[in-house]
Amino acid sequence: MTEYQSLLVEQQGHIAHIRINRPQKINAMDAPFWDEMVRAFDWVDQTDSVRVAVISGEGKHFSAGIDLSLLAQAASGMGSDIGRNAERIRRNILRLQKAFNAVDYCRKPVIAAIHGYCIGGAIDLISACDMRYASRDAVFSIKEIDMGMAADVGTLQRLPHLIGDGIMRELAYTGRNFDAAEALRMGLVNQVYDDHGALLEEVMQLAHTIAGKSPVAIRGTKEMIRFARDHSVEDGLNYIASWNASMLQSEDLKLAMQAHMTKKNPEFKD
Amino acid sequence: MTEYQSLLVEQQGHIAHIRINRPQKINAMDAPFWDEMVRAFDWVDQTDSVRVAVISGEGKHFSAGIDLSLLAQAASGMGSDIGRNAERIRRNILRLQKAFNAVDYCRKPVIAAIHGYCIGGAIDLISACDMRYASRDAVFSIKEIDMGMAADVGTLQRLPHLIGDGIMRELAYTGRNFDAAEALRMGLVNQVYDDHGALLEEVMQLAHTIAGKSPVAIRGTKEMIRFARDHSVEDGLNYIASWNASMLQSEDLKLAMQAHMTKKNPEFKD
Amino acid sequence: MTEYQSLLVEQQGHIAHIRINRPQKINAMDAPFWDEMVRAFDWVDQTDSVRVAVISGEGKHFSAGIDLSLLAQAASGMGSDIGRNAERIRRNILRLQKAFNAVDYCRKPVIAAIHGYCIGGAIDLISACDMRYASRDAVFSIKEIDMGMAADVGTLQRLPHLIGDGIMRELAYTGRNFDAAEALRMGLVNQVYDDHGALLEEVMQLAHTIAGKSPVAIRGTKEMIRFARDHSVEDGLNYIASWNASMLQSEDLKLAMQAHMTKKNPEFKD
Amino acid sequence: MTEYQSLLVEQQGHIAHIRINRPQKINAMDAPFWDEMVRAFDWVDQTDSVRVAVISGEGKHFSAGIDLSLLAQAASGMGSDIGRNAERIRRNILRLQKAFNAVDYCRKPVIAAIHGYCIGGAIDLISACDMRYASRDAVFSIKEIDMGMAADVGTLQRLPHLIGDGIMRELAYTGRNFDAAEALRMGLVNQVYDDHGALLEEVMQLAHTIAGKSPVAIRGTKEMIRFARDHSVEDGLNYIASWNASMLQSEDLKLAMQAHMTKKNPEFKD
Amino acid sequence: MTEYQSLLVEQQGHIAHIRINRPQKINAMDAPFWDEMVRAFDWVDQTDSVRVAVISGEGKHFSAGIDLSLLAQAASGMGSDIGRNAERIRRNILRLQKAFNAVDYCRKPVIAAIHGYCIGGAIDLISACDMRYASRDAVFSIKEIDMGMAADVGTLQRLPHLIGDGIMRELAYTGRNFDAAEALRMGLVNQVYDDHGALLEEVMQLAHTIAGKSPVAIRGTKEMIRFARDHSVEDGLNYIASWNASMLQSEDLKLAMQAHMTKKNPEFKD
Amino acid sequence: MTEYQSLLVEQQGHIAHIRINRPQKINAMDAPFWDEMVRAFDWVDQTDSVRVAVISGEGKHFSAGIDLSLLAQAASGMGSDIGRNAERIRRNILRLQKAFNAVDYCRKPVIAAIHGYCIGGAIDLISACDMRYASRDAVFSIKEIDMGMAADVGTLQRLPHLIGDGIMRELAYTGRNFDAAEALRMGLVNQVYDDHGALLEEVMQLAHTIAGKSPVAIRGTKEMIRFARDHSVEDGLNYIASWNASMLQSEDLKLAMQAHMTKKNPEFKD
């Protein structure tokens, strides 16, 4: 496995555990972070033995979002022509977006385990995950508004699919904090656990359950749900029919059926 | 009315009651079921005196989903060429999808009354209904993942419009059971009643209420909500303007207005 | 400021307060109302010093929806040719839709403060607002079904983005009343307050908070959320990258950053 | 093969030849025609040994379009309520559209061989075919405008993909005649032949050529071109990748490759 | 009729003739032009007796495009904040776009008669018309590239629907001149006439022909072709079915049918 | 510049010339080709001094398409499970598509200069270029059909935007050869030159012309045309308004304007 600086990347059985690893900086997302996210999730995507990924934060918090020094540095790199600066900014944003697109488009489910601060860019990140779970101490905020900017790495595009449009706008316009209980009520997280330890234990258990399912079926299911988000029901139905035209010829169906008959757990290949 | 084998189809006043009728097989969906669904809902759609449909299950359960013998039979019909098998599978899936498209595209509202097991293909079915109500004993599961396959008759396309994307993925990846109370919390069902009897009574009462409204207005409302699901707000607004260009010339408006003035219940034509 | 007949339009600091002003008619939406809405929200949009708008109802209710005399008048204007009537009706609907499109497309956030009746066309209106708050006495109903028609000024297109599809259809098919507590549970309103006084106070406080944020960032955020509703995640990501290409060159970022460093409240230009 | 009244349906080797067969009525499209088209193209679609279809007209002309007696009959079936009439008309149009959708969605290529009149509904029909060839005597006209109506069975939707938008509108607004030479220049037909005999001979030769290709590859190619017409390039690329995931496992590739190596003609299974 | 400064607006029978009227400035599009275009085409749209519009240029040329003094003036109105300038520019562009959207969305056909220079913004304008005809002396150029900018009032969006994508890009990247003969070959104009006099005579004759058709049918046809440009074939088919649900109840069908039977010219109401 | 094996990559002033460089294999596209295309066009995209790219073939031909040994090799890498094979094939296709997406999404115009064979995958490649020019000896063929497969790296998605849908299908179904003159008639190429020498000279001259324009304006123009291909006119208009909000603040406009006034050639920065 290649070297990482701002992440900790481990494989435990079929589960990849990716930790944001700048605890002394509240896991602020610095320049290496954005590149390493692409690298880490490409690795998750490409590595057959990895079936599920969990993302969490080292130390006391999940993440405080983008490192402000990165914004300062971007500002200092501007030239004298507004048009060319605009092109440069545009491409920078597209490059940052790639980090979380790598999560969204990863063929394997990605679960976020959130404790402590989950602020600004961290909301963009968890919005790109498949599912989110939190400990009671989690604190969330769409902080970009207080930086004088509209969030541009995914929150405004992906979060409305997770929570109601009305509460979405209140949070995005005010940047106010909200806690785990409110996050649960609005559907942002699926479950709240007592503390960081319980959270990780339960999330790992869930990851383990998913890793035991047919990888072919899990990957197809993720692709279909993601596709359905952006297309009509009819296009989605046509897509799954074309997709399953080959996937239903997989041996996993036979294995699953036999397991069902014999009441045993099936063992699927990667 | 034509003969049905796996369904019971009745008309009570303006209400069609369609019951899945294989109680000894937990209402598993066999070959005749899929064809009869198309037939039954074409009949609902075409029959002017039918204004609302209710779908429920005979016996102790709503339905255990697709009959596994049907999958086995499909598997045995495969030839030696993978490409031609793929074409055959694709067309089979499209054919099965037609059964629940017939519910979704039916011009009249369809209400699901769910008790006992509602598993696998049964989730695909209720996702295509307009509204869902359950009794306390209902148990739900997106079971396809445990058959080694991605659900392909509508759950992955339609369910995300009913429940949050986050809980959607948890249920689809794990295939875990959930009960009526959780279904209510996530918005899958609108109401939970104490038992099967209370459920049917309340659902029939609701169907009766809807049947008393202007059929022209109800059909237009369903078409608009369905269309809005798959199109932009702007396209939806343009569509209703074109639609109502003729429908507001219907006599139902005058009838409704007179009834409003005289505080009487209007009697609409079919 | 120009004259209004069916609205009261005031500016308080950076906040525009727009009141529906026909209390003796339960704020029913008459002919002047629809034109004045366009005018009022054009003014909100164009006036730099206005950063947020609040909409509420004078007297005991928010609004009873479209004035029935307007429908009667439209009916009396019909000619003898069904085709030409249809064209006229279509254009009338498109003209009415403009009133609430002006709210939806307004570049500044619009907050609805709802007390008493919020019926029929009033639901179309609040569906086009950014956020909704209610007092405990509020009563809601998608009343169009009882006029013998499908709602055609936005409810059926915008409301499904705010509440679950299942409860949406129940309310649209039955036209039944629901109260503030149910509206809160389904996500239609973000918060319920004890009475009209508390409601207005809290909504004004919220408007004040939003007015203190960078206007450039707020306007960008609203545009992005609205765009995301009608486009794919990918198109939305591309759009924000192009948008922020210029907006991140605004001085508001520097102001916000300095304020962040010095722990002071930033003062943004209009 | 089932009985046909307004069509002649024959199979010659791998080619289905479908002839509009009301020569004494200039092949006007009567009630049986519309149903039989659906039936004939379902048969083409389902019958493995049919690989290509040709559609032409018996007698001196291709077709004069919809039979006016059909319109008269539809008019006489109207009731007293404008709204319910509108619903009936809408469904009738959707039913007629099915006849030409059956051509467009047929998995096998459909070639139109056009001589003499090709008027009104006949333009809607040939617009739904894959390719069009004409003899020098062919005369075309988008005649619907002279019936006081906008064409509603496909011309206005499909023809702009075949010819330029500018000439499209001229033809649709004026209903003027144009000949085979002009049809060739605007891209409506691919080739013009001297007379009906030469036309049929060449079209049959072309059909024969296509029938010699891999049926799996031909069907995939048609599906992809049709899909591309209605979707973004990106969605199209994703679709072909999913489609070919199974189709490239077909034995036809090996057969084609061997034929290529040995310079022989491959013999593909149906 | 209201006063115009940069346009000449006349009605001749059912035909509106709109002339760009700054011949001493090669009909360059100044500030009043953009507002008056909206006004003129709103008038065309609203005035029942107008059935077709023709647009041409006074003097020796059609138009040299946007008046450069307008650009200079816009530049001088810029403030010190790049973000706020960007918002202002964006809204200005959207306002200019409205002038040609008024042509595109006008319910009646608009025919461009082009002689002499047709440069820059003039290409944006004719791209929004239904059809284009030219005299032999016409000279075209997508000149914006030589102003250091991408065309932003419609050429890049609408022209690819009229001419091939390949030649489109050559013209947009080089800004080179092309003449009427080349415009005809690429499908930009439908016909080329010898001189300005013959051009106007023929275009007026064409307008007269179209004005003689059913206005209900013409307006429906334009709406359907425009809609088809931006939607899938399937959405287009559904739209025309809903539209014609009322329009086929118009008396124009009966009039047209009677005229057809009696071989007389029908006289349609406006 | 990095090393290339199957390409020759040169920079001449502002022009990148990329030559397919396997003349002894008729420039068949082998494994290195596909990776190097991504690398070469990333370099074109990123290198400010490159403003236009030209792609041509070394030796006697442009390219014979994909190297058949690559297909054979892919076939030999298949495992025993059809489902997992399908996933592998799908990802391989997506990876190959990236090579030509890199051309399509490259911010700078790409011109294809075609001589000799342009077969199979070579059609996919030139379909992704901005413009195409050929010498008289060019021979084209959508050859994939004779490999027993539907083309899957872009021809079926992009070519219909360049040539008519009718001739498109004839070429895709038959795989027949066509020459430069026919390619010109159908709009596939913009111009035909006498021989390879004249072709390269003229294409280089064209590239030189484009390189002299404002790079900011050229890049914006390409982005807008590409976007328009896949989106509605309305979305395209909104996009250019947001884009030009910053680009019209570029100094290139002032430079262009001054050059226009002084009749000199402007010198734009990269």
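Note that the chains are named A, B, C, D, E and F in the order they appear, and that numbering of residues resets to 1 at the start of each chain.
In this section, a residue touches a chain if its C-beta (ideal position, glycine included) is under 8 Å from a C-beta of that chain, and two chains touch if they have at least 3 such contacts.
The shown structure was predicted, so the numbers you read here are calculated from the model rather than taken from an experiment.
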Option reproducing the contacts of B-C, where over half of them reappear, out of A-D, B-E or D-F: D-F
Subunit E-subunit F contact: same residues or different, taking over half shared as same? different
Whole-Å gap separating subunit B and subunit F, where each centre is the average of the chain's CA atoms: 48
Whole-angstrom distance, CA centroid of subunit A to CA centroid of subunit C, is 33
Please output the residue numbers of subunit F that touch at least 2 other chains, ranges allowed. 82, 85-87, 216, 229, 231, 242-243, 245-250, 252
Looking at the complex, which residues from subunit A come into contact with subunit F? 80-87, 216, 219, 246-252, 269
Considering only the defined contacts, which subunit A positions touch subunit C in the complex? 68, 71-72, 75, 78, 82, 85-87, 89-90, 93-94, 97, 101, 104, 144-152, 154, 156-158, 160, 164-170, 172-175, 186, 229-231
Of all residues in subunit E, which touch subunit D in the complex? 109, 130-132, 161-163, 187-190, 206, 209-210, 213-214, 216-218, 220-225, 228-229, 232-234, 236-238, 240-250, 252-257, 260, 266, 268
Quick one: which bits of subunit A touch subunit D in the complex? Just the residue numbers, please. 231, 235, 239, 242-243, 245-246, 249
